[in-house]
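Take a look at these structures.
Below, chain A partners chain B and then partners chain C, in two separate complexes.
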Partner chain A sequence: MSPASATGRAAARPAEAPSRKEAPAGGRPGGEGRRRRIRTQLPSTPWLFLGPGLLIVAGFSLYPFVSTVVDSFTDRRTLIGGRYVGGANYQELIHDDMFWTGLRNSLLYMAGVVPLLVVLPLLLALLVARQMPGIAFFRSAFYTPVVASVVVVGLIWVWLLDDRGLVNSVVTGLGFDRIPFLSDSALLLVSAMLVTVWKGLGYYMIIYLAALANVPRELHEAASVDGAGAIRRFFTVTVPAVRSTMVLVGALSSVNAFKVFSEVYLIAGPSGGPGGDDTTLVMLIQRTGTGLSGRVGYASAISVVVFVITLGLMLLVLRANRKEDA
Partner chain B sequence: MRMSTRAATAVAVALGSALVLTACGSSDSGGGSDSAEGKVEGTVDFQTWNLKTNFKDYFQGLIADFEKKYPGTEVNWIDQPAENYANKLSADAAAGDLPDVVNVAPDLVYPLAKAGLAMNLEEAAGKYRGEYLPGAWKSHELPGMDGVYAFPWYLNTGPMFYNKKLFADAGLDPEKPPKTYGQLFDSGIDMAKRSKGKIAMLANIPAVEDFGRYGVELMDEQGARFTFNEAKGVELVTEYKKLYDAKALDSQALTNQAEGAGRKFQQQSIAMNPGGALDLQKYKKEAPSLYRNIGITPAVNNTGKDNMYVQGLMVNKQSKVKPAAVAFAHFVTNAKNQMDFAHEVTVFPSTEGSLDDPFFTKEDGTDEGRVKVAAAKAIKTAVNYTPAVFSEQMKVALRNEVAKAMQGKKSPKQALDDAVAECNRLLKTA
Partner chain C sequence: MSTTAPGTTARAERRRERRAARLADSGGRRMPLWQLVLRYLLLLAVLALMIGPFLWQLSTSLKGPTEDIYSRTPQLIPADPTLGNYAKVADLIPVWDFALNSLKVAVTNVLTNCAGAALAGYALARLRFKGRRVALVAFVMAMLVPVESIIIAQFMTMRELQLNNTLIGVVLPGCIGAMNVLLMRNAFANLPYEVEEAAYVDGASAWQRFLYIALPSVKGTLAVVAIFAFMGAWDDFLWPLIVLSDQQKFTLTIGLDYLHGAFADNQRLVAAGTIIAVAPLIVLFACLQRYFFRGVGEGAVKG
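== the complex of A and B ==
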């Protein structure tokens, strides 16, 4: 009997599990000595399975993270190795006006985008969750911006919102003054928020669709029997049923909004809007730390601050969720 | 079990320590010598900046000629896209993968030379100095460092396109575009008034080269600190503020990039914009009505000297094939090959005597020919106004402070004082 056929038979006969117990791992026949040797290797077996994944995490997540933290205490440049400077980068950061501008804009961005991304995709999901002819088209259409390149999306919106773009042509055609979407600091940030919301709707809609599929139909029927209308059912049945998904969407969108880069970069320009007024923290990291003269040490210090704030946000959301569960 | 956990922990700690130590020691990349003595042989990695799409045949021929002239050599040509070129260079340099011969501009070569990655060609190839225009050879001299760090390659000036129809509509003479900043400001205000703010003269706020062309002293003589907050600099920003308030600058001037400014010119909502031969071809194809009305004139200046854009070829100081790399960089930039390249596209050779060729002195009756002859004449006395030490971060700092002056958030003097302070701070930490 070949080892291969033994393996096949063992796999095909789960009822004979006790007999497999005697067989070595992998179903290969062997003597007592071989069994003992393999047993002694058992504790390390999980590490063999975990090894590749751990190495990838260590190489691509842990190492860059530790390296960033280490760099934040140095004056490292892109091409010149750094010297230890203690907390000098963090002290500089406190006195850097652009850092505070970046922090303010990142927080504003989050405050503007997250409520919309929690509520609008849910409403959209309720619309497309209905089974009716042609609904698949609308589901795909709403999801299209998610798969579109953010650069292409950004450029399209720049053309739309330009002083002589489509939106302003309509506005002036109706007899109103042009709206300075791309030259006013506040409107620039709002325009970038709109792009983020428009691009994110489809993604979060899919998450809500999955959650809505798990809401028992009987709950809606019972509420209807009790005389609840559509709006009341939404607040008393749908929202409580998808509350944990709303928390998840809130957490994901707030982290993404806080780390916003592409939309603001494309719409407000690399210098971050007029006078840098629309610079976000991640834009500041990119501007400070990249290029041949990049100040990697200082950019790393900003990155560490962004990490701490993001982590804090996640913990706050989780804690709020746990309290409500309790 | 306990042993295994300990072993795993030890391995993890060791791995972590090794990784952290690697992080601490990975970026000092200098080294190598400035000597190019030895036999010309081996494989040379050659990197250009966005040239493959349009000039593939030219470069393939050039490489074949070099390999024929120096048997035993091979050239591996790499072309990088225009966007994020500096980031690509920094990534390669940090990883120790910088090609042997690299297409650079002075502001790109400065940090590389400072990190000890660019060969001092005054030492390695000083014998070729006489082949190049003196100003071009010196264009890769760097403040605070002795020597020259790239072979000068092709040169260009930045001509301005202007819309003759918009000039005529505003009552300005379409055959007499502004030559000085004073004329530019007056024409801009006139145009904005007559078009009731609908047509702006320019799409951008002043950049560092505008300060240079205006006659502002950008740095002190030692190149140790910036001085563009002097009276002339303040005057320039004050005049631009008047343009902005009169709507003679595009309403999106504070955020416009080159692409956006080009689009405004194509939409005929601004009257003047920098341009080149490729833009002209684009307008011919996409905006024929604009193309018919395009006039071409040198960029305005108060100094009598145009701005010169310089491209160079740097030799990697860590190259393993230095003799071949230096020979190839010299080969690409020699008079014959630069002249051949100038026949492919409107660029100007940096080699001595090339600009006296009839190709650059006689017009052929076309707009392009007129631009070429005018630019070739201007380039003999042109100056590269942008200091080599002026990094991307400094450009953003200047742009942001000038924008604040335009918005009235700061006075021109305060804005420039702050820009200079920030640029000097960045210079110290560079």
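== the complex of A and C ==
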């Protein structure tokens, strides 16, 4: 896990500071920099600094992770301590239709949302990258949905997509039939995706904006001197220059899309639409593992699956990125 | 008169030049007028798409009971604006208590994250001790574990600590985010080393160096941590939903979900509730935009 984590950080934050060994010495040979590093007086001091942070992280991230893995091999329930049951939970998963529905929906969600979140924010960033009077206002306005809570955003769209809401009155006003956004099980998932994309546009736009600022102007000039039009330049100059950012955005948005909970919970309801058809994996975790009769062991097994797939996604994207760079 | 005239024309000239530069494209040439118009039209269209839904919600929340909110020809401006829906929401659910709970959770989250992340980040960046690498790896690993995959175990931990259904239970798991610790560590590691070294030679202790020298130099990153801690706590949904069961303890997001479940057919009320929940953050964003944007770059991994 630790080599994976190291590469994960390095690739996800390209602007990361140089490692400490080079940083403080400022050109001095490494050995000297090492000797000049500050020592603390008391051996306990660093642990006083680190104590609160380590305690929280160990108690509420690392320990729960270990206990999730352990619980996934037990039949633990909310009120009853569990017994070791071996791989029974995982065997049950394989035969659980709801699990496959959840997995299908989480993967579908990713497939639907990620391409849009990789492309649309880039176009948006190009639109606001140019200095024009009032552009700062537009940038901030496009970021507003990011600031709002997902619950607020979800409820705003529940009302917009209502059978008698704004979107449908426009649709019927144009002479089309009402679109059952909030009752058809396939459309429910699409509506939730719409909310995720709408809320995420501004966030990824800002990431792209930073990347676009680093594209050398000379490249554009050279391309236009060679007679390349705007669309041509987009594909031959802009896209290659921001490719690593596109990979980053793709990685971030796929991990987030795969873990989707709130949007689907709010749009399709706590039970995940008609017959639970729109349940996602994280919704299944929440539904299975909480409440007084919650099946903690079984929910933990689903959690482990979510963890493995999430980590796998990250590694896959990073690896693809490294291969292209090489 | 004659003395001021050349000055003003020069200034006007400069202003014109500046405007011309602003309207120039990336190659330094002026943008053709049609392109400029097209760009503004596109910007306005996207603006309608991004801000319109908020305005529609605001408009719905201000419409009185006699006004048709389902009208075939949508009216953005309420014919007879009223705050009645806000009063009614407050009658039906303790929405101000929810807001207060959210505020408590968010402010606590800001304080603990700023203090805890700064302390731990400083130790990781500047103090030398055995086990530093192990501590660093612990934070990196914690950052990589998706919250969603450990949320049931966190819930069980809270039950064991008897902190489920309390606001402390809501704050505790995220009160010192690993991501924030690593952000602060980078900020401290990027500071020039010499000043602290001088203070060390002069006999300043680690606490003094941290408090008086290092901390004042990383205010920007600290502000980013503060804002994202506030926003994260104020907007969080899944964890409070799992850990809180008593309506009196609800935060705004859970309260809104409850409002939506109980009064789904009264759109005016739900709209008023959402506006109450979103208004403080929009104001905060309007005042501190700079840090919101910086945070995206620095904390991109946070998603």
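Note that the second predicted complex is superposed on the first by the 269 of 326 C-alpha atoms of A that agree within 3 Å, B and C clash if a C-alpha of one lies under 4 Å from a C-alpha of the other, contacts with A are read in each partner's own complex, and residues count from 1 in each chain.
Throughout what follows, a residue touches a chain if its C-beta (ideal position, glycine included) is under 8 Å from a C-beta of that chain, and two chains touch if they have at least 3 such contacts.
Just so we're clear, the structure is a prediction, and the values are computed from it rather than from any experiment.
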Kindly classify A:V304 by the partners it touches after superposition: chain B alone (first), chain C alone (second), both, or neither?
second
Of the two partners chain B and chain C, indicate the one touching more residues belonging to chain A.
C
Which holds for A:R287: it touches chain B only (first), chain C only (second), both, or neither?
first
According to the stated criteria, A:D75 is in contact with first (chain B), second (chain C), both, or neither; which is it?
first
For A:Y90, select first, second, both or neither according to whether it touches chain B, chain C, the two together, or no partner.
neither
With both complexes superposed on chain A, which partner does A:F234 reach: first (chain B), second (chain C), both or neither?
neither
Between chain B and chain C, whom does A:F65 touch in the aligned arrangement: first, second, both, or neither?
second
Just chain B (first), just chain C (second), both, or neither: which does A:G276 touch?
first
A:L252 in the overlay: touching chain B, chain C, both, or neither? Say first, second, both or neither.
second
Under the contact rule defined above, give the chain A residues that sit at the interface with chain B and also at the interface with chain C.
43, 47, 58, 62-63, 67, 71, 78, 158, 162, 164, 290, 294, 296
Footprint of chain A on chain B - complex, ascending:
1, 4, 8, 15-16, 19-20, 23-29, 86-87, 89-90, 93-94, 108, 110-112, 114-115, 117, 250-257, 260, 263, 267, 269, 391-393, 396, 399-401, 403-404, 406-407, 409, 426, 429-430
In the complex of these two chains, what residues of chain A are touching chain C?
1-2, 4-6, 8-9, 12-13, 15-17, 20, 23-26, 36-41, 43, 45-47, 49-50, 52-54, 56-65, 67-68, 71, 78, 124, 127-128, 130-133, 135, 138-145, 147-152, 155-160, 162, 164, 166, 169-170, 172-173, 198, 201-203, 206-207, 210, 217, 220-221, 224, 248, 252, 255-256, 259, 261-262, 266, 282, 285-286, 289-290, 294, 296, 299-300, 303-304, 306-307, 310-311, 314
Can you list the residues on chain C that touch chain A in the complex?
19, 22-23, 25-27, 31, 36, 39-40, 42-43, 46-47, 49-51, 53-54, 56-57, 60, 70-74, 112, 115-117, 119-120, 122-129, 132, 135, 137-146, 148-157, 159, 172-176, 178, 181-182, 186, 189-190, 192-193, 196-197, 200, 205-207, 209-210, 231, 234-235, 237-238, 241-242, 252-253, 256-257, 260, 267, 270-271, 273-274, 277-278, 281-282, 284-286, 289, 292-293, 296-297, 300-301, 303
If we count contacts the way the header does, which residues on chain A are in touch with chain B in the complex?
43-44, 47, 58, 62-63, 66-67, 70-71, 74-82, 158, 162-164, 178, 180, 182-183, 188, 268-276, 287-288, 290-296
